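By written order: A, B, C and D. Residues from 1 in each chain.
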Amino acid sequence: MMIREDMEILSHELVADKTYKMTLKGDMPSHVIQPGQFVHILIDSSDSLRRPISIADVDLTSGTLTILYKVLGKGTASMAEKPVGEHLDVLGPGGNGYPIEEVSASRALLVGGGIGVPPLYYLAKQLKEKGIDVTTVLGFQHADAVFFEDEFRELGEVIVATNDGSYGSKGFVTDILPSLDGRFDTYFSCGPAVMLKAVSETLDDFDGYLSIEERLGCGVGACFACVVPAPEGDAKGYRKICRDGPVFRTGEVIL
Amino acid sequence: MMIREDMEILSHELVADKTYKMTLKGDMPSHVIQPGQFVHILIDSSDSLRRPISIADVDLTSGTLTILYKVLGKGTASMAEKPVGEHLDVLGPGGNGYPIEEVSASRALLVGGGIGVPPLYYLAKQLKEKGIDVTTVLGFQHADAVFFEDEFRELGEVIVATNDGSYGSKGFVTDILPSLDGRFDTYFSCGPAVMLKAVSETLDDFDGYLSIEERLGCGVGACFACVVPAPEGDAKGYRKICRDGPVFRTGEVIL
Amino acid sequence: MTAMQVSLPGLELKNPIMPASGCFGFGKEFSDFYDLSLLGAIIIKAATGNTRYGNPTPRVAETSSGMLNAIGLQNPGVDRIIQEELPFLSEFDTPVIANVAGSTVKEYVEVAGKISQISHVRALELNISCPNVKEGGVQFGTDPELAAEVTRQVKQVSKVPVYVKLSPNVTDIVSMAKAVEEAGADGLSMINTLTGMRLDLDRKQPIIANQTGGLSGPAIKPIAIRMIYQVYQEVDVPIIGMGGVETTDDVVEYLLAGASAVAIGSANFKNPFICKELIEELPAAMDRYGFTTIEEMIGGAHR
Amino acid sequence: MTAMQVSLPGLELKNPIMPASGCFGFGKEFSDFYDLSLLGAIIIKAATGNTRYGNPTPRVAETSSGMLNAIGLQNPGVDRIIQEELPFLSEFDTPVIANVAGSTVKEYVEVAGKISQISHVRALELNISCPNVKEGGVQFGTDPELAAEVTRQVKQVSKVPVYVKLSPNVTDIVSMAKAVEEAGADGLSMINTLTGMRLDLDRKQPIIANQTGGLSGPAIKPIAIRMIYQVYQEVDVPIIGMGGVETTDDVVEYLLAGASAVAIGSANFKNPFICKELIEELPAAMDRYGFTTIEEMIGGAHR
């Protein structure tokens, strides 16, 4: 069940180029069901829309959840200025995440691009806990944008690619994938639309899960702002990213 | 000359019912020419209009000016929440105040009502410095609303009236005025429109100065939001409160 | 009759607060947040004759004190709405107002005829003002004769009172209101969104895939208040007011301007509890401004 | 030709930024804040045939991300403007655009004939869109035929190019634009304010004494951008864009939508230095979005 609460900012730090990590304390963590779910944040009361940010980690003991976000526009720029101790109006947890309970594979590949990396972290931890082997491929634009490499490394092998080759191997995450052939049975991906499309095409022999972004309105399934078309023949014809997603099984929606 | 600057809030306290006193530090004080001038404050950057507040005192040594304001609507409510140390975007000093340099009288009567009292304080100090005798009549709605009585008392005699009689004498300032007959040669008044009208009618044997309020737009004389009609026969036909006023000689404008 | 009650054609409202069409789906999602029986009424998302998939995404963008949307009337069609969505709302003690849209008069009539037969649908809201679809919708809302025509024909088939939802994108709102009143409208609903646009400066293209979208939120409230104030003086049917309502002060302003009830749209996105909170806080606001009943407040600025 | 220059009929602008009519008086007050020669142009307050005292006060009210005004065209009349106000502006190296208003076509023609003869008045802005006066003003701006007629007659007497300022309070902005273009307008100026209202909840009356006022500020920007985008596709004359400009991003958005220059109105009240600051910051904004000249940006969203 989604709740709305004022969560306290417990920590807030720059972890890479324009990329911040924030931990928030409240009741919300106990409501999180799956990795890949998101929180919908009203950054300033004068904003008209909330901003969706993926849950990157959950700590039930301390009652905190972690998010990572990149400063892109007005809202995220304002969020970057919030001091520790202040409260944020958070609605969540929203959507359907990665259905780890269903995963029967024993070796998982995680493919994350840019600010799509965060939700894969909580996923990796959960997979690891289930005894599933995790290999992670992370793509960033350049060396300064890289974050969470070490965190993923504690959970399995990590390969990093940067577009300009300033860190790790040069190129896109899809350039790495062929070399991993035979090392996984299923995959999980999150990142920009072009990357998801390329990944799902490269890995079209596999079933996997993709987390998709779109501009949200309500974030709760009521406004139809966030629909993505389903393949021909689907009874409903569409899916809502905020409610049915943001995570979809490959083939469930048209990218 | 008017300037625009971010002034630091040095102190901020509740002095009466919904009435706050704030001191602001910056270059502004050195630009103040007359008591009765005002500052035009952008309380929040998302506001569309600034709020005009009279200068209640100036301290050139410490580079501070004092304002007093009453919480009425959105802007003043938000101002009340500003902590010491924060900065306010202030434009000023605006308008023409009380022309103390012109005053030849030796005994002045000051008549203030409610949140019209503040500018009279800096005026009283200036008059006193010029050796002019000051008697002050202050009107408030009720006992809780009274402020600055002691401050004025240091400068001369003070008589307080409250509408409900909960403090001082019961009634309006105009009820007091007859008893002061012969004790002043000129008067200065600031307060709600109805009070100013009543005061100027009661004292129609005297020349005096009235400070008038109206909703302002620009606050610098450019938009014509704040005009008040001048008497028949006046060449211009109107005065701008923000530039020609807020202080006018009796008879200069139609109340 | 309690202080909060309002009686309108077809609608006995326990309070004057209801969610606006398109901002509350068919209620299901919000029933997770609070009991929908608290609401004065529920205006459901637009129904058309057949399934519509709406516009491409992005469909929303934020603006100063407002937002743009171009959903494009996505809905499963009137038959499936009746079968799949409306039964859920019969569980609540709250009248449903069905928002009806179409590309042709025939489609409006078909949808109205079907949906007005459902027992808990107590009124129709004729959406002649949707700016986000290529055909139908807004042209009915900008031409008084077309607006009157669709109203007249829908009135003939509807089993329940018909409220016509006016578009603010017109030169003369009063003549639109009078035209539909004369054609038999039982009430008006005002306003729908204003057509707007925002550009993505990096892509140098409109943010909204449909290019234009409907502007809603506090930004448009002064326009809505003006239109309701003007129309209230010239028509005798009641008005459901909307546009940027976020606080009980906004509710009071709409009622004083001439609205008999108030719908809340985009504010549900900022705060999914908004309708419930406004209902709870309204008595205090009535008190603040010296009113003891809602009925007293309606049109209060005209006295 | 520098990167910031723009050439428009009658106007060689050193940059595309100018204050909007009615928000900058006749310049004098703002000359205390900065050198007016920095400005691309100056649009002065509306001139009418005779002295007008305007509407009763209050004349302004704040709204969410905007403000209402109902000044009512207060001005000393064209003759005194020419004698008392315009000489001051001849000191600056900045073209003046004179905003012309009237109650009758005859009055527009009289004012235009007189003021267009002043040497530093390089263009007229025909204000057929003022919503705040009982007669004249807005009805010329909502009827394409009246708009064309006043444009045609003013063109016959004006010594300088004529920009017609369009009202957004219309159903079809494109047909208004086309009508005045056909009647000889050299350019368009868009948009004037939207008619709005705010109520004082304590007094239960409109805050503005005139009841309605014109809504300006960031709230209306999406409407202005939409209208400019639509009109740019259908007319060949240049557009001066305005409505809620507060940042260089806003300036870029207007240019991309199709404006050739941008006027700043209400923002001068928030920050009297706004025009100067935007001029200084504009090169950085051009850089940010990959442009080297203003000319390149104009209509950039249509390519």
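Definition applied: contacts are C-beta pairs under 8 Å (C-beta built on N, C-alpha and C of every residue); 3 or more make two chains touch, one makes a residue touch a chain.
Since we're looking at a predicted model, the values are computed, not measured.
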Target subunit D, source subunit A, minimum contact steps: 2
Distance-maximising chain from subunit D - centres being C-alpha averages: A
Separation of mean Cα positions, subunit C and subunit A [Å, integer]: 36
Centroid distance [mean C-alpha coordinates] between subunit B and subunit A, Å: 57
Computed distance of Cα centres, subunit D from subunit C, in Å: 34
Sites on subunit B at which at least two other chains make contact: 46
Residues of subunit C whose C-beta touches two or more other chains: 63, 65-66, 217
Chain contact graph, described as a line, ring, star, complete graph or other shape: line
Chain pairs that touch, as defined at the top of this document: A-C, B-D, C-D
Interfacial residue positions of subunit C with respect to subunit D in the complex: 63-66, 68, 142, 169-172, 194-199, 201-202, 204-206, 211-212, 215, 217-223, 225-226, 229, 244, 249, 252-253, 256-257, 289, 300-301, 303
Sites on subunit B touched by subunit D in the complex: 1-2, 4, 42, 46-50, 74-75, 91, 214-229, 236-238, 243
Of all residues in subunit D, those that touch subunit B in their complex: 22-25, 28-30, 32-33, 45, 51, 53-54, 57-63, 65-67, 69, 71, 74, 76, 207, 217, 266, 268-273
